[in-house]
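These are the structures in question, set out in turn.
Here subunit A shows up in two complexes: once beside subunit B, once beside subunit C.
And now, the complex of A and B:
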């Protein structure tokens, strides 16, 4: 393997490696005919990221070893090559990556200003191929936005936030922080943002859906997207199916495949012990729903309700799981917010209502009703024989 | 001025009096060499030299010439004492580190001689602080026996390029290897860390290279932990001279410009960790 990256592409490569480091600790490198792939996976195998750099990304791309060469190395070692990202553009003229097969070393040579040459000889290990199986083109929902839009959105969430829930309807998208069921409700803060479809470059929602995934991993991709200015596409279906975040241009293709929380008790994350399956929900209908809305004027209409949208009040939001929960009115819909704080002694009917609500608000058969639990597994590590 | 009136009567007793309108001109340099608690002060009519040593392998010297000071009076040929450098720096910066333009701490440093404390009069905005720091018997600084006549290789670089390299050095490497040669790679810094090795090469015709005088290929290794101590001095400097002698001893000399544009020098001597061998 012998390739050269010049000019601004050095920074793009460095940023890609940097964003991969937000997912996993090891970098899997595989030069192929269609380009160089850099992949990583997190320790729990719930997040996978892959960047493919086409031969045109490089000013020289030669792969004399042909197929079969794959290696992995500590991502920190590669990051050390591209330290001081801020000055990379100004100081580095080109980057030469070369395989020294005899010594099992991968050499990164940075040709910098003033004739300075920085050479890093990194040791690597042979590795199996790391490949995730996903088909984003068959996704139910596809959103595409400028990185600035998403970056500004996630800015509203605290850096410590683990998971974010994205809910879509025909015309809107809600981003909400996911509150763990076990968390103390009075201490939880809820943040929710609503974006309309016209903020997106592409908005295709074939089925209303709500998926929860790790925010840190999304931020990892945004780091890359913002610096390159490439729009981010989001492909997703239903809870439990992975969400694919993608950035593409003519010479590179980046995909982050993230697991989402499944909403049913069937296959849960290890935090949640098996909870009872939701009972039949056929006694809920729209009338009751509108009654609920009418009762509490501070509630805002969510994606499930045809009422005109009102500014959302911070409130208790239903968790994605369907267990009976004194605060969660039903399925995870932002519309049914009932704030604990706003409760007064004169409002016991609310509480009663809420305790009645479990299971899906929608009649079975709607996209969000009657889900079958789906597997959270997103990855298949394709272990080939070493050749 | 409060400072001058106070010392009028004591002046006769002091064997060393050094005054600065801006204490930063000395505190900045001393901060750069504070890798150990104790410093040996040596004053001569030429000025002040402050020495800090580490494990008998590394020595740093800061030179502040007499003409940097607004007043520099010395009554003996040589005055020496040892003080706790950390304490001294705390006193010099006692008014805080604010950089409000036009406001500076004035310093008057006085010493009565052997057995007496080092007295500092510091004034800022009309407020005067007097500090008395105990002195100790000065240790004899190590003589690295590094003389110009024995220098094998010498380069002078603009600090900017070295600063970047030093900030990126792989700290998992126990040593920093310096190669100096009349041939390729000319001047090279190498590290050997957990993930592999790294080399920083400066060609002799680089515009960062102000002087290149290498006569013989030399490769020497120095303990990373020792050389890392020189990073602060490098950060302050605008130029650095790197010299090695026939034994592989390293001399780093940093040219530092203070706030008033005056020049001071900081120099480091370091013994090699092991002889890799000269070609």
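And now, the complex of A and C:
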């Protein structure tokens, strides 16, 4: 992998990395034919973010290793390369990212003014492909607004607020702070902001709905959107289905997929590591590790694709809809006959929520190894058989 | 019980926000007394607060364009609420550029003080942000705890040095000791002293001036004039309480005075244009 980012795009790349750092601790880097993808996921797997930079974003984009190269690294190390954004803008002329296969390092070289070269050699780990399955185009509700509108909205809430509830009707949107039912309901201050549809560039509400998701992750995307001036689109359906926030332009595509609180009684699927008892978290991490290891080692064999939606529809218990939508596993009760379930038996229900996004490891030759900016299609099971 | 009010002027709104922010830095909860003419933020000097007392008085007409109050009863035409001033401060801050701000008493899941602000937007319709701050209504039988504190029979009254300078001095002293002695005399001199086993530090302020409490309590004036103006009167207080008071100040008062009752209490009085703030710090042995 060998690519060069010049001029103002260096700052855009830096901002993207900073906003990814608000979600997760590890950056998954994958250069493909259609561009460079940077992805991350949070520890409870309830928030996923991905930026795809098309080859045109770069002044040079060469990928000699083909599909083979995928890595992950600590996001803090990459942030350190792009540390001071103000000086980046003023002094960095270009940034060269190159894979040094011999020494297993990814080299970031910043070419600055006056001939100064700053070279960072970052070590990385090989990783499986991190990919979430989601389909924006089939969302019931779509809102699109200038980043300033959303930033101003978010300002009304305290920085410490965890979750925000967004409710839409035909003409209006309400943003409310979500108060955890377990906490003392009478002591919390409630804040609500009402925006009318004409503040949005695009306002399409096909069904009234109310979704609750983590505000911190939205703020992460807003940081990026505000600095690039790109409008933010929000795609969502019903509680429990993830909300997708995205920014797009001709050379880049950013998507933040956030889990939402399901309002089914008993299924507390908030991203605050849902289970009440700390030991369950450790348990969850252990399971996750073994899941990832299983994925890694089975790369060559190509595991059966998790979440083929169609076969699940009839068998699901408690799901409000029978339509084959990709994130319906969240509604399933344990013991459902899901492919994922087979790989990880005995997982308690709340964990299913976090694994909702996780697509399979696509072996290198798979045509579905990447995703294009134009569409994020749900993968139907049949096409995966060769995987 | 009914309360509705509206602020339209941005200057008044910002001024009110600053007062509330100052209060929020002084205490976590306090009582808001609403009467037809005034608003009071009160902290009664009970042992639970460490004996610190606060009384802040605002004239409603200087801030609100509309102010309608129907108190508990005709004879007791006021409302007493316990709330967290920090919530109120945060809510007001989000409305800092609002076209109008309405504050009213409502009943949602519990009694609330609702702040509704209409924010300007680029489009034709405005944005409305609503904050519901939960409050506790204080029953009439407890109102006695929250009446205006009487001015203590002070031994010395002196104007304070610039609060910023005082704050800097007290901040440094806090690192050395938990207790600080404030002493002053009727000759415009004030000292802040700390004393530990290893070190003692004194900061001297001179030419501060003494407020003329003439025409007030005759006996007080008499007692003061008999006392030698050079005599220092002192009180030893918890330095953190003094620091908290100084840290909270958001803007400069037109007058700042300190009354000391020997070894009993410190009474700090800050006067702003439309607001007066009194703060009582008990002395420790």
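In this text, the second predicted complex is superposed on the first by the 268 of 387 C-alpha atoms of A that agree within 3 Å, B and C clash if a C-alpha of one lies under 4 Å from a C-alpha of the other, contacts with A are read in each partner's own complex, and residues count from 1 in each chain.
Keep this in mind: a residue touches a chain if its C-beta (ideal position, glycine included) is under 8 Å from a C-beta of that chain, and two chains touch if they have at least 3 such contacts.
Quick caveat: nothing in here was measured; it's all calculated off a predicted structure.
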{"item": "Combined model on subunit A: subunit C and subunit B, fit or clash", "value": "fit"}
{"item": "Which of subunit B and subunit C A:86 touches, first, second, both or neither", "value": "neither"}
{"item": "First, second, both or neither for A:114, with subunit B first and subunit C second", "value": "first"}
{"item": "First (subunit B), second (subunit C), both or neither touched by A:195", "value": "second"}
{"item": "Which of subunit B and subunit C A:155 touches, first, second, both or neither", "value": "second"}
{"item": "Per-pair minimum CA distance [subunit C against subunit B, superposed on A] in Å", "value": "7"}
{"item": "Subunit B partner contacts - residues on subunit A that touch it in the complex", "value": "73-74, 76-77, 80, 83-84, 87, 91, 105, 114-123"}
{"item": "Partner subunit A, residues of subunit C touching it in the complex", "value": "87, 90-91, 94, 108-110, 112, 119, 121-125, 127-134"}
{"item": "Complex contacts: residues of subunit B adjacent to subunit A", "value": "161, 164-165, 167-168, 170, 185, 194-203, 205-208"}
{"item": "Subunit A residues touching subunit C - in the complex, by the definition given at the top", "value": "152, 155-156, 158, 185-196, 198-199"}
